[in-house]
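Two complexes are shown next, each including subunit A; its partner changes from subunit B in the first to subunit C in the second.
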Partner chain A sequence: MKLGLIELFRKPARFGVAGASLVLLTVLLLFLGGLLDGLYRSSTGLLRSQRAELVVFSSDARESLIRSRIDPETRAQVEAVPGVQSAGGLGVALVGGRVPGEDELANLAVVGFEKEPNSMPMLDGVLGPDQAFADRTLEAAGVELGQVIEVGAARTPVTVIGWVTDTDFLQQGGFWVQPDTWRRILGESRPDANLPPGTFQVLSLTIEPGADLALVAAAVDAATGTTTTLTRQDAVLALPGIREQNSTFSSIIYVTLFVAGLVVALFFALLTLERIGLYAVFKAIGASTRQIFTGVITQAVVVALVSFVVGAILILLITQVLPTGIPIAFEPARLVQTAIGLVVMSALGAAISLRRVVKVDPASAIG
Partner chain B sequence: MVSNVFLAGREIRRAKLRFGLLAGAVGLLVFLILFQQALLGSLLKSFTGAIENQSGTVLVYGAEARKNVSGSVIPPPLQAAVEAVDGVGASAPLAEATFTVQAAGALTDSSVFGFTPGGPGEPTRLVEGRLPQSPTEAAGSKEDPAFTIGATVTSVNGDVELTVVGLTEGSRFSVAPTLWVTFDGFTALRLAANPDARAVLPSLVALTPAAGTTPEQLAQRVNDEVPGVQALTRDQAVSEAPGVAQVTQSFRLILGLAFLVVAVVIGFFFLILTVQKLPSLTLLRAVGAPVGYLVRALLAQIAFVVAGGLVVGLALTVLAVRGASTGLPIALSPSTAIGSALGVIVLALLGSIVTLLRVARIDPASVVNRPSLGGLA
Partner chain C sequence: MPALELHDVRKTYTSGDDEIVALDHATLTVGDDEIVALVGPSGSGKTTLLSISGGLLTPSQGSVVVDGKDITTYTAKQLTTFRREEVGFVFQAVNLVPFLTARENLMVVNDFASSRNHKVAKQRAEKLLDELGLGGRMDNLPSQLSGGERQRVAIGRALMNEPALILIDEPTSALDTKLGEQVMELIVGEVKGRKTAAVIVTHDVRMTTYADRSVAITDGRLAA
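So, the complex of A and B:
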């Protein structure tokens, strides 16, 4: 291992080509992962941020939050189901918002809610009819605390009184308001989507402690006959394109990881070939196959780790010059996962050289 | 050349597994490139095909919509103001919304456009049947098997029944099955979906310019004279639709990196082979084989690997396109396939330059220094 490291530090240029290739692949992997996470976060925050475990849609909406309608009668039926502790109405309107001092409109997902999302403090009536909690992502659009944003076609003035995080919906910034404010904005901006008082798009359900989620969901749908109840995670996956997005990007990421292994395998095969004579000398003076092989693997792991760090820095720089609309997010879990994937594939790739190292004949050192 | 191919071919036959694996790896990369291109093309077509293939050459959005058809609403005063702009040849309201409909015995989400027959905004890629003329008729996207001529499509509550009288191609919207109905048909569907709707307003105003006015000029005039709207030419409406530019840029970056990896993998492989064969190549040079002979043999092997990779990649892509369950009608255009293949060939050659130079620089005299070839160390 020590020998491998000494060679790496003394002759780093020798590993330059493999390192450069892995840097390239790291950039590709992190970009793909960042895009996947960014798209996922900015599309699903509204639902993921719910504290409640179940989401109730009207069946004819086919699990679309925007097309769903739950009227007060249906809500009463839902609340009467054993196992349901409480229900909170939820609705969204996708509109533009005029931010003071900004030329561009902010993309707002105006959310009318009855139950606070994860990142919001318990309000107890603190939120006024023309006030909102804005998602931190809207800071990029110039939104600040205390500002009055003109929301929707009717330019309804709404003051930002606090921040929430990770609550965006379909790539529009979460803007959390009272249900009546949301209903008014929805009706004014989209008269064809108008909803009467008391009607929400979906309900979020908190269930009794110890109750079975699946059983309660089934009981709710049986009681109403007009609803489809999903767990929060299933509701997230039912959002348009989320499942397809995940599977497509994951496939590309796995193929890219495979290619990374292949590149490392090819590189170390080359390196081993060039050093066969040297290995023969090592063996002749008593080095074991295991010692030589450990050195090779160590080099692969170090090259992969250094390449990962350089690639990660590069992708961070690249994202600074990307157009602002590209939803890219770097999750620590994704970074760790990519680093591990790259190191494992590199080690596996380098392990391909084992056969050649084993076959090195010490006697060949003397011709 | 025959002997070059002979030498290269003999080596490939002796190391079938090695060359087969490399051709497979290149095939995998070619597949990655081709499938992503097919996906990108189909995604963009399915995003904005309806906008691209309708007859309005200028589309006017509500300013609030930020170029998003689904988020746009044009109230009657704005529509009247737009229609009064000098240079408007013809105008018609165009509405869009996604509805749940019953088609072919199943509920499906469908993007529905309401247009005025004979006016700007009607679909232009009708491939079968005719365009709808009454509120109970519809034209459906041919890519979606639920829509066939004569089929019935109903609103989810059963109040509105539409008969499919025509099929369109390349005219989907928001990656969803798409129906084209008259504006009255659209109003009926909207009211069936939401009885509490206060009004059913157009999403856009579709325009065609009067003689002597270009779409660009008309769009500019509308933007200058009517506050609260945003007029775009049809091409702008397609390329500037939310998400389109970002999707295109993201995929281009991914594709660029994938192309680079092809060059690296092929370059590495042939470098390894050459280093491995250096003694034999040196001997060949020493017994009189010219540099060109060895270089051509190497090029023949590169051609074999790249050709094999292209065949494998293309086959995988065809299979993936057929079996893909992405919800998109994915198709790979011949021009995309040819362009990508040429790109791979060029990059393979670029990636092999180091190897080619190494072969070209072999010194025949060095044979005397190689003990394995009978020389002195």
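So, the complex of A and C:
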């Protein structure tokens, strides 16, 4: 291992081709991962930000938040189910908003809510009928605190009184208002979707401590006969296009990781061929195959790690010059996963050379 | 106790249906502080004999005893340990590790050992290099050394593990006569100074004068 490291640090140029290839692949992997996470965040924030474990849809909505309707009678049935601690109504309307001084309409996901999302302070009724908390992403559309946004077809004036984060829905900025304000905006924008007072699209449920999520969900659906109850994560995945988006990007990421492994395999196969004579000398003077092989793997791992760091710095610089409309996000978990994936694939790629290292004959060192 | 005892050693290879005899019933004893020159033309089997003596090859028949240890039936793993701890090699092509300094090229032997003592190995490497006249070149890479200096580093590496037997393959083939003589004098001085045995393979009969005894080999057979 020590020899492998010494060679790496004294002759870094030898590893330049593999390193440069892995840097480019790291940039690609992190860009793809960043896009996936950015798209996921800006599509699903509304549901992920709920302080609730379960989401109740009307069965005929087929798990679509937009189509779902929960009336007050159904809600009462849900709240009566053992294990349900509390229920909060939730609804969304996708509309445009006129921002003072801006030519373009801001894309708003107007959310009517009863339970504050994660990033919102507990309101205790302080939110007025013409007030809203806006998601920070709307700052890119020119939204500022204190502004009056004209929302929807009827240009309903709503004043921004605070910020929330990570609450967007289907690429539209979260705009959190009182339930009545939401119903009014929804009805004005889509007269066919007018909802009576007390009716929401879905309910978010908090369950009693220690209660079983699956059992409570089943009990809710059995009690009402007209609902489909999902965990919050399943509700997120039921949003249109999310599963497809995840699987498509994940497939590209896995293929890219596979290519990274192939690049390393090819590079170390060539390097091993070049070093057959040296390995024979090592074996002749008492090195075991394991020691030589450990050196090879160490080099692959270090090259992968250094390439990852360089690639990560590059992608962070690149994102500084990307247009703000591109939904890209860098999650620590994604960075760790990519680093691990790259290191594992590089180690596996280098391991392809094992057979050749094993076959090196120490006698060839002597002629 | 002899440093090397070969008893009726035979080494054969198969090529298709043919059997090629590289070493034919070779018997040789090298005393514990004796230098033996093994002389023969190309393809005579001298490298095969050297390889078998150093545990790089196993004989098809016969026995090999080095410093009282019969290595004939050693496993590959045991032979690896044997090569690391019991013998020293000086290769024809020198074969230094190109990215290691002269000092590190000596210490590499210690790096492969399971029980390492870096400090002791460093002191020994520096002492050996000093003795070999390379005290001022310890931090130089092989590419910064002359041919003779590289050869001396290779000798130092062979002496690092304090072997009972040193096996030297064509030490002067890449050197001019004068430098070859200097290297041979150095080898003899170092080997004799440590009361170690050595087998030196050479096709240059002039170099046999430095050995205690010369043994000729032709077509895999040692001269009587």
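A few notes on this one:
Basically, the second predicted complex is superposed on the first by the 355 of 367 C-alpha atoms of A that agree within 3 Å, B and C clash if a C-alpha of one lies under 4 Å from a C-alpha of the other, contacts with A are read in each partner's own complex, and residues count from 1 in each chain.
The working rule: a contact is a pair of C-beta atoms (placed from the backbone, for glycine too) under 8 Å apart; a residue touches a chain by one contact, two chains touch by 3 or more.
Keep in mind that what you see is a predicted model, and the values were worked out from it rather than measured.
Look at A:191: by the touch rule set out above, it reaches subunit B but stays clear of subunit C.
Legend: residue contacts after superposition of the two complexes on their common chain; A:344 is shown touching neither subunit B nor subunit C.
When the two structures are aligned on the shared chain, A:27 is found in touch with subunit B, with no touch to subunit C. Judged by the touch definition given at the top, the superposed model places A:282 against subunit C, while subunit B stays out of reach.
Applying the stated contact rule after C-alpha superposition, one finds that A:35 touches subunit B and leaves subunit C untouched. When the shared chain is aligned, no partner comes close enough to touch A:354: not subunit B, not subunit C.
Between subunit B and subunit C, it is B that contacts the larger number of residues in subunit A.
When both complexes are aligned on chain A by C-alpha atoms, subunit A residues 367 touch subunit B in the first and subunit C in the second.
Per the touch definition, subunit B reaches subunit A in the complex via residues 25, 28-29, 31-32, 36, 39, 62-66, 70-71, 73, 75, 97-100, 107-109, 156-157, 175, 190, 193-194, 196-201, 242-243, 245-246, 249-250, 253-254, 257-258, 260-261, 264-265, 268-269, 271-272, 275-276, 325-327, 371, 377.
Partner subunit C is touched in their complex by these residues of subunit A: 2-3, 6-7, 10-11, 277-278, 281-288, 291, 362-363, 365-367. Across the complex, subunit A is touched by residues 47, 50-51, 54, 56-57, 77, 80-81, 83-85, 89, 91-93, 95, 97-100, 104, 108-109, 111-113, 157, 161, 169-170 of subunit C.
Those residues of subunit A whose C-beta lies close enough to touch subunit B in the complex are 17, 21, 24-25, 27-28, 31-32, 35, 60-62, 64, 66-67, 69, 94-96, 105, 107, 152-153, 171, 187, 189-196, 199, 240-241, 244, 247-248, 252, 255-256, 258-259, 262-263, 266-267, 269-270, 273-274, 318, 322-323, 325-327, 367.
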